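As structure tokens, here come the structures.
You will see chain A twice below: alongside chain B first, and alongside chain C after that.
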Partner chain A sequence: MCDLNEILKPILLHGHERAITQIKYNREGDLIFSAAKDNQPNVWYSLNGERLGSFKGHNGAVWCIDVNWDTTKVLTGSADNSCKLWDCETGKNLNTLDVKNAVRTCGFSYSGNLIMYSTDKTMGHPCEIHIFDVGDPGQMKSGEPCMIIPVAGPKITSAIWGPYEEYIIAGLESGEICHFDTKTGEKLNAVKEHSKQINDLQLSLDFSMLMSASKDTTAKLYDTTTLKHMKTYKTERPVNSAALSPLQEHVVLGGGQEAMEVTTTSTRVGKFDARFYHLIFEEEFGRVKGHFGPINSLAFHPDGKSYSSGGEDGYVRVHYFDPEYFDFRFEF
Partner chain B sequence: MVKIVKTYKVEKRRAAKTIARRKNWRKFGAAENDPPGPNPANTIVQVEEINIQIILNKENKNQEPEEDPLAKLKTQKLVSCRICKGDHWTTKCPYKDTLGPIQETLETDKKKPEEPSGGAPVQAAAAPVATNKQGGKYVPPSMRDGAAKGRGETMKSSRDESATIRVTNLSEDTRESDLQELFRPFGPIQRIYLAKDKNTGQSKGFAFINFHRREDAARAIAGVSGFGYDHLILNVEWAKPSGTA
Partner chain C sequence: MAADKGERESRRQKRSESSVDGQSKYGDEEPDFSDPEDFIDDVTDDELLGDLLKTKPKDTDSIDNVIIVDNIPVVGPERLPKLQNVVKKIYEKFGKIVNEFYPTADDDKTKGYLFIEYSNPQSAVDAVKSTNGYKLDKSHTFAVNLFSDYDKFENVKDDWEPPQPKPYKDLGNLRYWLQDPDCFDNYSVIYEGGEKTAIFQNTVHLSSVREPSLVEERARWTETYVRWSPQGTYLATLHQKGIALWGGPNFDQIMRFSHPGVQLIDFSPCERFMITFSPVPVKSEEPQSIVIFDIRTGQRKRGFNCEAQATWPIFKWSHDGKFFARLAPDTLSVYETNTFRLLDNKSLKIDGIRDFSWSPSDNYLAYWVPEENDIPARVTIISMPGRNEMCVRNLFNVADCRMHWQKNGDFLCVKVDRYSKAKKSEDTGQWKYSGIYYNFELFRIREKQIPVDKVECKENVLAFAWEPNGNKFAFIHGENPRISVSFYIVRPQGKVDSLKVFERRTANHLFWSPTGQFIVLAGLRNMNGVLEFIDTADMTVMNQTEHFMATDVEWDPTGRYVITGVSWWGHKVDNGYWLWSFQGRLLQKQQLDRFCQLLWRPRPPSLLASEEIKEIKKNLKKYSQRFEAQDRLRQSTVSTELLEKRRQLMLDFERYRQNKEDEFNDMKDRRIALRDGVDTDELDNLPDDEYDEEVVEFLLKVEEIILDEE
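Moving on, here comes the complex of A and B:
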């Protein structure tokens, strides 16, 4: 049941009391998962914005959320020093992995058999990547990871699985992006194209391209395997998230002032719009306004016909593209 | 009383089995007690449509006129130094120490004569008008474009005053015809000017004779000077240029 008259109008998902930290679609795109600085991640139907449920159990800000390939399990990482695995259908907590410090990033590998999370470098504990085998109940119960990759130097601010579970792509606080081999823990490739912290990393639908969003006001495109820098998308504010369209040669960038400066900035000059750039020409061609705080996370629907943005204002906005967007062609 | 009208459209979509199955999942967590369909407390459909703003070409066009005035301002001299007329503030002038004191003394010298006469405010008021028109320094009326093309210039250019003699000590009864008679023997005369009283028409006692040739004028001086005419002795000399007279 849904209101078709309103299909072009954005749907606001207001299930969080605090700033959204990360949003993700599942593989088919019928569900949206949202994590916020309050302690309850939510899951929504993307078509009409109906809330399917929330995951109760965390005691701190939830920094990251991910869902596996067949939408059976959900993984969340929180500042309460734990990473939790949930059953997606019932919302029950399956496992809690206790860590020494806050979990900053987490993710399922493509098969859904492995999970990884990275921890913050706080309270005397180093920044580490932990990898678990979800299929091994012993590991999940004891909380003993099958692989620990210590990260020396600047901490990880964003991390995702690379293709074929061979490596983890990590963005560091220093602006460096590197590969960590999942078998040996070795640092394989490293590039430093950004001058400030990496806020977000996302892959294209076929995993061939990597998109990075940085505090240095740019987003960049790389070849996933070689980390060769290909394109740069420039803005005038920190970029918190950048996503690649699975349908068109477009990218969308979201960002804005730092949270601490938001109260002193009006919506109009705050530049909280989602900004659309052409993938190849690096040229901005469209904007969608709506948030009254910086956009913290962006995600395209896997069919490329809608996208969602989660903002510091606590709202998730689901936008369905209007026909103008599909008719739009770049003039050469 | 508030009447709330809600219109729903029930739509059937074909979806993958997995999606269809998920559609029938029971709600859990905070949404456990929600009725089927979106809960208006959590799901708000924005009333206004927000479409993507296509900005590619429009923005480029809008930006250009915005930049133009700035570019113009850059070329324009916004700041002019009072000391060296350079493109900077007077206080930042590199010649401040060398040229500054000299100018100050000059300016105080200028001001001194103005102040006692009491004409300073009038001049100050007049000057801005002039600057507006000329777009620069004050130009006295006689030097301005329109006024300058007066008699003075045309007379100077058309007549050669080097062959002009001045005759003084003429009697009151003298007429132009008398002078013509007197000076014609020396050479061809271009023009004779006899100063006359406006009211009575009588001679004021002096005249200017323009010869065509300077030699003729010289001979006239030699011949007529000291010549007794009527009851007076004529005095003939070179006419001084009109400006200095």
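Moving on, here comes the complex of A and C:
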């Protein structure tokens, strides 16, 4: 196992006052978008960690953030019962979609023409997926989605667009992962490999593989279309996020003891390290320490030469890999 | 109302009239009581005076009250009164004796039996129960029966058959696990908060993934915990209704023992008997709190009551399982397992006895009594069953004593807590000691007349442990954070020398390897699981490490491996166990959800004679070469296995990827269409002319230089 800590000197992005909830790179990887439990999502230069600007307007914790493929628009979902669309360059709020309860997940489709978000099941309102056509000003103004998919049973805790806008992949509180057809709203496909809630879903660069992170202390790899389970990566702590390297056959897992469950005995029991595993062999080969709270979100730079982590401690850490990382090979 | 009154008046009048009539009718004439001629008496005596008839004496009445005592000494008339006295003393306890009869032969000697009549049948039953088999002396063991049973025994039917012996049930080879060619040891694990119990084989050197191999796993195998018998033959599981023993290659049920509410269990070292304790009161004539079972027959051998608060094990076994003993106020009761009665029918009377302990190798027993009225406290070693005092040691200013036998029974260490001042508390009447210091009194059991050495320690002693199979001992002393660990050696025929003091250590437990020489100093629980592996041959620290929040340390029975565990019973997160080599090299980490308890399966004592063991030790080089070669071979197979496994995984994955890449390429047009004709598959394949030159300024540093005002 190599101690990646010695090698990497991270850039610390300190602009949030509270726990980071989600981070994302844009397609080129020059910008990092971060959402946190404070009300202001930020955008940063990934190269040097300088903050480019903030998106001001939410009145509650921001649970999710996404950017479209040409980095013109940004979408955020918040606990203030709204989902907001922003102009990326100016930071201007373009539309506010008011919902009946908190927005847990949101995302742009491949073309960027469609957006979706999912809502929490609270205060008598059901969990629903809403889909809008960004190009239709009527929809965006009235807040009337072009598609509503009601989700019965356990609520959605993580959701992303499937490849080519055909379906939405949702991870549920029960640990189940399923596809929802965007045209019919039908539940197409479902697997339950995890025993506890899904905290994060991410796709490989070519959309063929799906990575899930679960509270049951494991992350798993699936075939995206069939949802066939392929690999399992085991830890001892709830996994909050897991990302696939676009360059190497590596995955990175982040998580840690939940803040409310951290015992009073010692800070060491939390295990807030980012852990690197071999994609195929499922073997752990490196760890990166640094956060002093659980890692909530992880993202690889699209070129695979750096990655970022956002933690409960409010920091985003941008790590550039050292040459030794690229030299490291598993024998086989 | 008025009508009522009138009626009453008239009635009164009528009554007075009739009385006047009666007088006039019978006054002068005797009435005739005899029945008429044709009267038939249809009332039985029973109906008339049944209650009276019941008390009518019967011929057989006293039969139930009478017992026959056989095997009494045959004595002449001159010694008869003495015998009568002795017998009376024994039998008076059970009730009032109405009558006793000693039949005599022609020469006036007793015939060797007697009859005793009690005032009620219950006394007779009690007397039979308690004194049948009573040993009066070496040659006279009473055989006691109810007189009413006499007929039964005399008139045995001709066709009576002796009960058939139970067919022998072949349980298979209960020691099969010892025949493992690689001598891998087994251990039991309880996890998922007690839901699951599994037996693993420690195959850390075999498998490519360095995992133990599962032997058996069962859900809800036990309701509380499990325990191995001392030689590893049986696995005991505890249940609400009693105890089950499992063994053999498939862990079949060997025997079941009913004891409702059983909580604690202990085996005799020979694995023949099992003692169980249940706090659940059961209405029964026989004592039910503590029960001793015969493991092979499943028979209940004896029950005891548990009157006083005591620490388990209440009964302590001698090393060969011949005797077991328990403490009572001022008495030490030693029982033997032939009869399950008190050894020589009486307890040892030892005023003030506080604690005792059997030697692990001989039938010696050590006990201590505190000081009382200017008589010093003393530690005594006696041999059993003769009760001969082998050694007595007087001690002064003793607050407490703790006895530690070395595993081979070569040495006994009595840790004596001594005081400089003692004060009796006026409220509670208890002694309060101050200025406590510690002595280790070291008894050399194997040397002539048992010489005793003394080692003093001024500091608080936290733990003490003998080296098994050796002559060293270690103890932890001091106050946190100034804790030291001292090692001493007891030289044969020589002095007791200090070997080494390790200062400023984080340790609260000592774990010697079962074969000696190696020791693990552990700071468990509140000391966060700090571990230190020491070779005491040259006092080198082999490794200093930790298993964070470890609650348990368990050596395997051969002394090759150590397991440290974080039990869910002690700590709620990171439950699991780690396997170390005896040098402190971490071999394996095993995280298990709500892991509770891990126990190595013990091994029976070696069948090799001590000469044979010596022979092996002499030729160790020869053997170690062979084993090293084996290890090397194994190591290389491990790496080839692992590589082979990885290669296979890689192949499978590549096959999967091949299809996916083709699929991806097929969808290229669709991707371009969705993104307004832009190909975004590569990061930097935008046509050159689409690049906009842009100057981005980064603020690198802010520097403030204060210039002179001039």
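Throughout what follows, the second predicted complex is superposed on the first by the 319 of 332 C-alpha atoms of A that agree within 3 Å, B and C clash if a C-alpha of one lies under 4 Å from a C-alpha of the other, contacts with A are read in each partner's own complex, and residues count from 1 in each chain.
Convention: a contact is a pair of C-beta atoms (placed from the backbone, for glycine too) under 8 Å apart; a residue touches a chain by one contact, two chains touch by 3 or more.
Please read all numbers here as calculations on a predicted model, not as lab measurements.
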Which superposed partner A:E236 touches (first chain B, second chain C, both, neither): second
Chain B versus chain C as contact partner of A:H319, first or second or both or neither: first
First, second, both or neither for A:S54, with chain B first and chain C second: first
Partner chain(s) touched by A:I177 [first = chain B, second = chain C, both, neither]: neither
First (chain B), second (chain C), both or neither touched by A:I168: neither
First (chain B), second (chain C), both or neither touched by A:R287: first
Which of chain B and chain C A:D206 touches, first, second, both or neither: second
Which superposed partner A:A299 touches (first chain B, second chain C, both, neither): neither
Partner with the higher number of touched chain A residues, chain C or chain B: B
First, second, both or neither for A:L13, with chain B first and chain C second: first
Overlap of chain C and chain B interfaces on chain A (superposed complexes): 28, 45, 48, 50, 70, 330-331
Touch list for chain B against partner chain A, complex: 7-11, 15-16, 18-19, 22-23, 25-32, 34, 36-39, 41-57, 59
Residue numbers on chain C that touch chain A, as the complex places them: 528, 548-549, 572-574, 576, 591, 643, 646-647, 649-650, 653, 656, 660-661, 663-664, 667, 670-671, 674-676, 678, 680, 683, 698-699
Chain B partner contacts - residues on chain A that touch it in the complex: 1-6, 8-15, 28, 30-31, 40, 42, 44-45, 48-56, 70-71, 89-91, 276, 283-290, 319, 321-322, 324-325, 328, 330-331
Partner chain C, residues of chain A touching it in the complex: 27-29, 45, 48, 50, 69-70, 110-112, 163-165, 206-209, 223, 230, 234, 236, 257, 261, 263, 265-266, 268-269, 279-281, 302-303, 330-332
